[in-house]
Amino acid sequence: MNHWYDWVPLMLLGSSLLPGLVIFALPERSVRLRTVLNLSGAVVKLLLVGWILRHIYFDYAVLFETRLTLIPQLDLALRIDPLAMLFVTLSSVLWLLTTIYAIGYLEGAPHRSRFFGFFSLCVTATVGVALAANLFTFLLFYELLTLSTYPLVVHRGSDKARRAGQSYLIYTIVGGVLLLLGTVWLYTLTGSLEFTPRGFVADLEQRHHPALILIFILLIAGLGVKAALVPLHGWLPQAMVAAAPVSALLHAVAVVKAGAFGIVRVVYEVFGVQFAASLGVAVPLAIVAAITIIYGSIRALYQDDLKRRLAFSTVSQVSYIVIGVALAGPVAAIGGIVHLVHQGLMKITLFFCAGNLAETLGIHKISEMSGVGRRMPWTMAAFTIGAFGMIGLPPVAGFISKWYLSLGAIEAGQDWVIGVLVISSLLNAAYFLPVLYTAWFGTPPERWPQARDFGRRETARALLFPTLVTGASALLVGILAATPFSPLAWAKLIIEREFY
Amino acid sequence: MSVAVLYAVTGLGLFSLGLYALIVRAHLLRKILALNIMGSGVFLVLTALARRAPDGPPDPVPHAMVITGIVVAVAATALALVLLRRVVETTGQPRLPDPDSE
Amino acid sequence: MAAEHVSLLPVLLIFLPLIGALLSFVFRRRAAGLGIATAVAVFVIAIALAFSLTRPQRYPVGGWGAPLGIDLVVDGLSLIMLLMSATVGLGVSLYAGGYFHARPQLARAFWPLWLGLWTALNGLFLAADIFNLYVTLELLGLSAVALAALGGSAAALGGAMRYLLVSLLGSLLYLLGVALLYHAFGSVDIALLGERASAQPVTLAALVLMTVGLILKTALFPFHFWLPPAHASASSPVSALLSALVVKASFYILLRLWLEIFEPLNPGRGVTELLGLLGALAVLWGSLQALRQTRLKLLIAYSTVAQLGYLFLGFPLAAAVGPAAWQAVIYLALSHALAKAALFMAAGNIVLFGGHDRIADLDRVVQRLPLSLAAFAIAGISLMGLPPSGGFIGKWLLLEAAIEAGQWWWVVIILIGGMLAAAYLFKVIGFAFTRAPVSHEANAVPPVMEWTALVLAVGTVLLGLWVSPLLAWLATGNPFGVGP
Amino acid sequence: MTPRGAAPWLRFSVALLLVGMFAALAWVLLGLPPRSAGLQPQVAAQMAVSGVDHPVTAVLLNFRGYDTLLEMAVLLLACLGVWSLSPAVPPTDETPGAMLAALPRQLVPLMVLMAGYLLWRGATGPGGAFQAGAVLGAAGVLLLLTGWRLPVRWQGWRLRLLLIAGVGMFVLVALAVVPASGVLLGYPLPVAGTLILLIEALAGLSIGVTLMALFLGGEPGASR
């Protein structure tokens, strides 16, 4: 680490870690300083991300890497590559927006220093997960993510929150243990854990293949907990007890995506997708993902609680990423990877909206949403974009993902996946359209459950602004998918690296 | 069996007897005495076997060790006895409290 | 008879605390100041030793040399143990300065006893002579018992009494083993014994006697019964010392004897597998008991029983894969020392603040001691074996050894142990977030007590990042020999 | 109430186990070589440079002096432990009978003399600091039993200084010889005998006082 470039990944971490640590130490009442710290951290991170993206775009050869050798052969290593930057960019943008949202949402609530401290730690862990250059480093940040999200889940301190926290811990710690076991085992076989395009285990002798299959299962099971693969998804709906910004950023984006992102890394850069297919583990993974997609959608149908419905929708949607990866073809992979971004934008919009409804009118249930579109038109407009995207209607981002996934399925000769996608889209429509119908065309009640007055605006500015930005982005990345800076273009760049 | 070994085996006997009492007896004073007897047994083993030197005086090193051991035993016994007195003062009973009754 | 020039640093590590003990006994009013000054000096010397030690050193006391005289030996293994005792010792000294400030009666007993205990620890880690080890072991045991009784409650006295009896029994078993080895092979020097000892009944008898004596003192399952009451009822700085350092000392002796005398004689897989099995049972039983406890300090004490179990997994694993397993075990021991000291300190702060340690009522307390809670949580992470922490590195290395050995049952134990640790620690941490009315009667906790707990806890995180220099130090002189 | 011991079946099985252990260990001892000099030849070879004439004393104070130093620390720490546990047993006001009052007057001076002799004798024959200390301690115990009380002015730092004198001197000498001989506890030969006698004198005194202090069962003059 001689060149200052090599500190760049560390700076990416530091831009959220340092404000987080300082915030812990701040007394509850220094609201302004805390806000300044939060926002400047987020802005600095975003600037760094912009600078890096520009750098990669113009001079791809430069590799940023921070490395600390722990044990010979075992490094703590952070590296910037296109796949990492996809996830880093997504989290950084959404962190800034969610921070703004959370500042508005938690105004006057207790223990805010603790909340924002852990919030920053979570973002740090997420960025670490994205930048990890080997499975060891990945594991480290993956566990850190577990530990730093737990306090946010139980933040409210109610019995329900504690139970949710307990269940979250049980799932994630068991998942972490499986991941640990798989990782150590793999290390004893290969002596290296560095992520390498097209994988690094294919050279192992034939006799290790049964072990490799077990390792694959262990790793995917460990990651599948956070990615909420059925039957490991149980914690996610319960975790919805957390505050809206937590659900929005962490449980729609950071945590579940960390799992999905890990699956991408394992399939592409540990095993190599071709080798995984030849081991015969790719198709079963696709089947698990397909079951998750259908199951999540069906469960979502039956939820009246808005956040729970969104949670089950998350269960279902995250597996689009997994299925895209498991299909072992470049086109499907593009669909899966781009969905990482698309789903993030759409789902965070939906959660912001749910938070707005709860905070402004006290609405938590779908049955209470009748006619809310007239009371909060901007919020519901954003909600509509998100819902359309989930269903896969063009030109919203979700359509792009599904399009590539379907093409990829055909390319990979797995036509049944198209059936899954069609059924899932129908189910998505079945659980989103009624919500939209009630909201726009239902009759508003005499009085809302718990209305707060915001004057001429429909809700607080800090709540509405991020919602509209993410909603608009979900639309724009769909419309502008063909332009050179879109997530789709980026996903194609990544796939070029992994396949050719 | 030489005389040295006979003494040493006697030492082992003391050690075993002491260990029996230490395990079986509940009264703390007996336990402390039992430990002393065990200690004497070990010292006897150490000194007795030092007598095996073929000619000349016995090996002085075990003797020095035993002197050291005796001083340690005296110190430990004193501490144990005072501790025993304090246990009796606070619990009224000269035996170990039941660990499960915490 | 002047020997070649050897560094005096190891000698100072024994004599400085001894002089400190004497001075703090005579000059009682200055005891705390003397104690802390000694602690700082010992810490500095230990660090200096670490940076100056390039190869193992043998120091012949009196210039005689083994077998007539007594030698001291420093190699990587002793060095790491010395560093461990120096770090925890400094932390506990600072903590005790705060803790005993309001209790001058106890303070004047604490300082000389603690410095005497430290003398014993350092002497023990440097000893190369099994009879000298016996003397240090007794010095250690008696000062530890006296410290454990310092609390003065019925529970503390009973716990100390039991501890004393077990400790003396262990020492006598060990001493009988020493007698057998000396009379069989004509030396008490470990290295000479290693050369001379052969596989014959007397060696086996010594092995059994010494091993039983030492595992009694190390509280390996099923000989763990004395540990929880003694460790939990002692005053908090003492609990930290007992759990973090004292139990490691007897394990260290066992390891030394094993590596240099017994293992080369191949006593058979039965011995290693049995020790490993007891270790595994300790992990499970200790963790389950910890989970059941309703008192915080007892929970932490049972956690010690469990964590000590991991150390014994080294025996079967080293038999299978060689020194790598010991590396893992020592790393775990080191991390446990820091983590456990931090836990007991944090628990001590909580007890001091709220006046009780009932876990179910902790929510009234922990929210007002954020630093102590943070220390508890961070140290807990290391015990659970989650990254980034020394506990994680140790567990990683141990898992690696177990998988390489193909001994899957140990893998399962290690993983289950980690999950159980998470369960019993989060049982406590969860209370930090419940809504609780603020208690009224609260005693102030001196900031130094909160900060030392936190610094030691952060130390466990650093152990998770600063690994290779420590492993390099540990490898000085190749203490674990070469693998099979 | 006298505590009950273990159940009969437990006693029986423990007894059985211990008989087995005894038999096994006895068999092991019988297997030891019948003739073995141990370290006797090495000790004999170095006696000339040990500074004393008696082998046990040479081992205790010179060859393995480090052990002895630590062992005196054990005794001191035990005394510290006793002090930390409780104050001394309060003295009774009973006046001893004529016989008891007369006894120490005859015996104690004799015992002190005896202790001095043992100390001096240690250089050439059986004897030395521990034996002297034991006799001295016994004299102290005798005094205490017959109603003698430690004067108040001797209860404070003076007593503590006496208690540490032995270890203190040992440590002092151990370190002081380092510049001369280059090694811890390496007595330069010309003064070896003197240094050993110095250590022994203070050690004997401290051991005697410590034993007496232990007999008090706690710190004299301390209140709980």
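Note that the chains take the letters A, B, C and D in the order they are written out, and that residue 1 is the start of every chain.
Here is the rule we go by: a residue touches a chain if its C-beta (ideal position, glycine included) is under 8 Å from a C-beta of that chain, and two chains touch if they have at least 3 such contacts.
From a predicted model like this one, the values you see are computed outputs, not experimental measurements.
**Student:** Out of A-C and B-C, which chain pair has the most contact pairs?
**Tutor:** Top pair by contacting C-beta pairs is B-C.
**Student:** Between subunit A and subunit D, what is the separation of their C-alpha centroids in Å?
**Tutor:** For subunit A versus subunit D, the centre distance works out to 72 Å.
**Student:** How many angstrom between the C-alpha centroids of subunit C and subunit A?
**Tutor:** One centre to the other, that is 43 Å.
**Student:** Round to the nearest whole Å and give the separation of the Cα centres of subunit B and subunit C.
**Tutor:** Distance between chain centres: 27 Å.
**Student:** Averaged over CA atoms, how far is the centre of subunit B from the centre of subunit D? Could you give it in whole Å?
**Tutor:** 16
**Student:** Among the residues of subunit C, which ones contact at least 2 other chains?
**Tutor:** 131, 135, 138, 142, 145-146, 149, 180, 182-183, in rising order.
**Student:** Residues touching two or more other chains, restricted to subunit D: which are they?
**Tutor:** In subunit D, the residues touching two or more other chains are 25, 32, 36-39, 43, 63-64, 67, 71, 74, 77-78, 81-82, 85.
**Student:** Once you've mapped the touching chain pairs, tell me: line, ring, star, complete or other?
**Tutor:** Shape of the chain contacts: other, as it matches none of the listed patterns.
**Student:** Pull out all the chain pairs that touch, please.
**Tutor:** A-C, B-C, B-D, C-D
**Student:** Which part of subunit C faces subunit B closely enough to touch in the complex?
**Tutor:** 131, 134-135, 138, 141-142, 145-146, 149, 153-155, 157-158, 160-162, 164-165, 168-169, 172, 175-176, 179-180, 182-183, 225, 228-229, 232, 295, 298
**Student:** Touching subunit D in the complex: which residues of subunit B?
**Tutor:** Its residues touching subunit D are 1-2, 5, 8-9, 12-13, 15-16, 19-20, 23-27, 45, 49-50, 52-54, 56-65, 67-68, 70-72, 74-76, 78-79, 81-83, 85-86, 89, 93-95.
**Student:** Which residues, counting only subunit D, touch subunit C once they are in their complex?
**Tutor:** The contact residues of subunit D facing subunit C are 24-25, 27-28, 31-32, 36-39, 42-43, 46, 49, 62-67, 70-71, 73-74, 76-78, 80-85, 157, 160-161, 163-164, 167-168, 171, 174-175, 178, 181-187.
**Student:** Which of the residues in subunit B come into contact with subunit C in the complex?
**Tutor:** Within the complex, subunit B contacts subunit C at residues 15, 19, 22, 28, 31-32, 35, 38-39, 42, 45-46, 49-50, 52, 61-62, 65, 68-69, 72, 75-76, 79-80, 83-84, 86-87, 90-91, 96-97, 99, 102.
**Student:** Give every residue of subunit D touching subunit B within the complex, in rising order.
**Tutor:** 1-6, 10-11, 14-15, 18-19, 21-22, 25-26, 29-30, 32-40, 43-44, 55-56, 58-60, 63-64, 67-68, 71-72, 74-75, 77-79, 81-82, 85-86, 130, 207, 211, 214, 217-218
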